[in-house]
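Both of the next two complexes hold subunit A, though its partner changes from subunit B to subunit C.
Here is the complex of A and B:
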């Protein structure tokens, strides 16, 4: 049943396996032991940042597939995206993998929008193996959205650090003893007039709130039903605002509320407000959260990935920052 | 929720820019860079045949060179994070803007990449620098002509 962006997946597609790759700096993350592969070189020993970026997505896909003893030729669909213009890293990785592919762009919410697409095709009985995920590479994304990496500009405390990481999930028809995708909510674009690209957490917080509210109302759920409600990359600033917005909507904000961006680098002030990037939520969701579901620490989680849909052109033209958040509900049955 | 109401919440909860502290840091950083420049100028005047006026050219070149090396070693951005405008305004900031853009675009080749993008950030500094220098020179020329000031 589908209505107004609310999705339910009666066949309960499984996330059969995941693959997470990350750059050398991401070793500092308290979750780094959960990542499948950490490169020693920020360009993955390739010539350009963008090539390294593609390699990261490709390796994460291969690792995820290998965990269910599958090869790319066995896979039916590949939904992935990143933040580089025209998503070339994802395109190049899809070129190597040769899995039928549609590039996804929901900025940093691509981890979940891809997963929703994978759940849809699997639930429609159209796929045995679908790969879904997203990635980001710090240097490639910084040059895309901001200044050259070595340019000295003073970053405010609200700014976030784009992670170098990629996370891919393998979605299959229901399998026992794996987390299943039960529900989802496709986000609406929310724009409350924020214009500061160095405070994107604040811009994205209302989008996360909107999706959370719609998900809870639409699926007749309550925040108490979940072991974890995790937003994507709001960072310290955005997450504080998100919690304030939730409190005002009379949602009980407890320890269960977490943000992947805030948690990614363990709150290290060197990374300002925390992590961001398409790889941020996908890496944490598909390593830490997935792992804790497999061990039974979490039974039911709600993941709300957030993305700000701006471009350098749009904000230089004085436009506000439109934002989106997609949600997915996972259960261990 | 309307935009005004949200803007209020956002302003309350977003971290404030420590303006006073940033100004002090910028002053110290910019001052230190200029002090180093002063020592270099004195070095050229003491050990070579330069006057106070002619020493400025090799001094500027040396400062640009030092900032280039620091940028290449990944250190200038750290100075800038601390010093803000204090690191951006001196000639070393200009050097950093040119060199960082060059490093960044090396992957697209020397002509379209380095050549085409080298002045991406510094270009407007050159443009507005030249325009303002011209305007100031024009004003001064007029004032000298009317005997208000002398060269």
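Here is the complex of A and C:
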């Protein structure tokens, strides 16, 4: 069977529950009432930003598991990632949880690449409970990719604000009255030669477009089939470009098209072009979108998480920014 | 009073150049900083920076271009006394106070405060 990265999950694995944790600043998000836990301290009362980062992923996992009355020892797989070098926050959280683990790196598209892996193992009948998700912690990621926050570097309008949040989904074999994972599209790396790390949205927009186009063509679907088509963290700048690219491909761009990064802080100009980070799409997808599927507001959604696969070193060596987007289709059945 | 105004205007103009390098030329903060240091160093090499300090005072000594000026200044002064080796020893002669102060005050600040994000 040839799939070319187009995935279908005939057993319709369920997202049985989700857990979303967020930092104190994320209280300003219009979606904050949907988050399960908001910490009062940006380091989650721990010594370092990175320890706080791990704690957020761990807590989101525990919250998600508790909603189906499960414990980590009952889980089969844990697919998670973040943006710190070697994904140490995810590694440390996996060390505490003691669930068989593979660290995932698709930058800010990790929310969906993890979910696709969870759907694959569940569809292959290898798992009863799999955890999937991603997180990011503002201070840790700024230090990793840009400048330590204490340096106080200026940011241009096109730059985005890394969110402090983690979102974890519990994937199980099909359950009634929960959103199910029906289809997915694994992204290709798209690099159109952008080099500005403070304008990631523009670099990622073509990758989101490529995945959207492949998904619609490959699965014989139309944008009209969905109640929501939500990209990950293109931000205002990137999302405008994405909509322009979609219009050129004769895709009808309507209100259904949204971007988690643009929406995360409600368009507050203090956050420049909007939110970004592996926790951005995971937090919105697994709280707001998941919630609206449970209440029946959305029947069928397409989530396209976007990630820029640069490293500080590749950027310093003058390399361009390779980008990726992974898509998943969720349905309420 | 006029001294304050010239200092303000000249210092402000140097900062405007930095801001334009950042916003228009799209240089990174690190590249902007290095370029301004190099410009200060070159300007002193051709003898233009000292007159600028005489004219604008702190307006010329406070911006980072002054650090480049001090590097060249120290190197040339020592070179006159000790020849080529003076270039090496003089480079940090004038700038050492600035560098030491940065390390010392950075250390003290890190003992007293912890970095915080926006809230």
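Note that in this section the second predicted complex is superposed on the first by the 331 of 333 C-alpha atoms of A that agree within 3 Å, B and C clash if a C-alpha of one lies under 4 Å from a C-alpha of the other, contacts with A are read in each partner's own complex, and residues count from 1 in each chain.
In this section, contacts are C-beta pairs under 8 Å (C-beta built on N, C-alpha and C of every residue); 3 or more make two chains touch, one makes a residue touch a chain.
Predicted model, so just to flag it, every value in this text is computed and none were measured.
When both complexes are superposed on subunit A, subunit B and subunit C end up clashing with one another. Of the two partner chains, subunit B is the only one touched by A:202; subunit C is not. Once the two complexes are overlaid on the shared chain, A:111 sits clear of subunit B and of subunit C alike. Look at A:194: by the touch rule set out above, it reaches subunit B but stays clear of subunit C.
By the touch criterion defined above, A:245 lies against subunit B but remains apart from subunit C after alignment on the C-alpha atoms of chain A.
By the document's definition of touching, of the two partners only subunit B reaches A:237; subunit C does not.
Which of subunit B and subunit C touches more residues of subunit A is settled by the count: it is B. In the superposed model, A:42 makes contact with subunit C only, not with subunit B. In the superposed model, A:153 lies in contact with both subunit B and subunit C.
Residue contacts after overlaying the shared chain place A:29 against neither subunit B nor subunit C. Annotation: subunit A residues 147-150, 153-154, 156 touch subunit B in one complex and subunit C in the other. Those residues of subunit C whose C-beta lies close enough to touch subunit A in the complex are 22-23, 26, 29, 115-119. Those residues of subunit B that touch subunit A in the shared complex are 1, 3, 6-7, 9-10, 13-15, 17, 22, 71-72, 74, 76-81, 83-85, 87-88, 93, 96-97, 99-101, 103-105, 107, 121. Every residue of subunit A that touches subunit C in the complex is listed here, in rising order: 24-25, 42, 138-139, 147-150, 153-154, 156, 164, 196, 270. Subunit A meets subunit B in the complex at residues 47-50, 143, 147-158, 192-194, 199, 202, 206, 237, 240-241, 244-245, 273.
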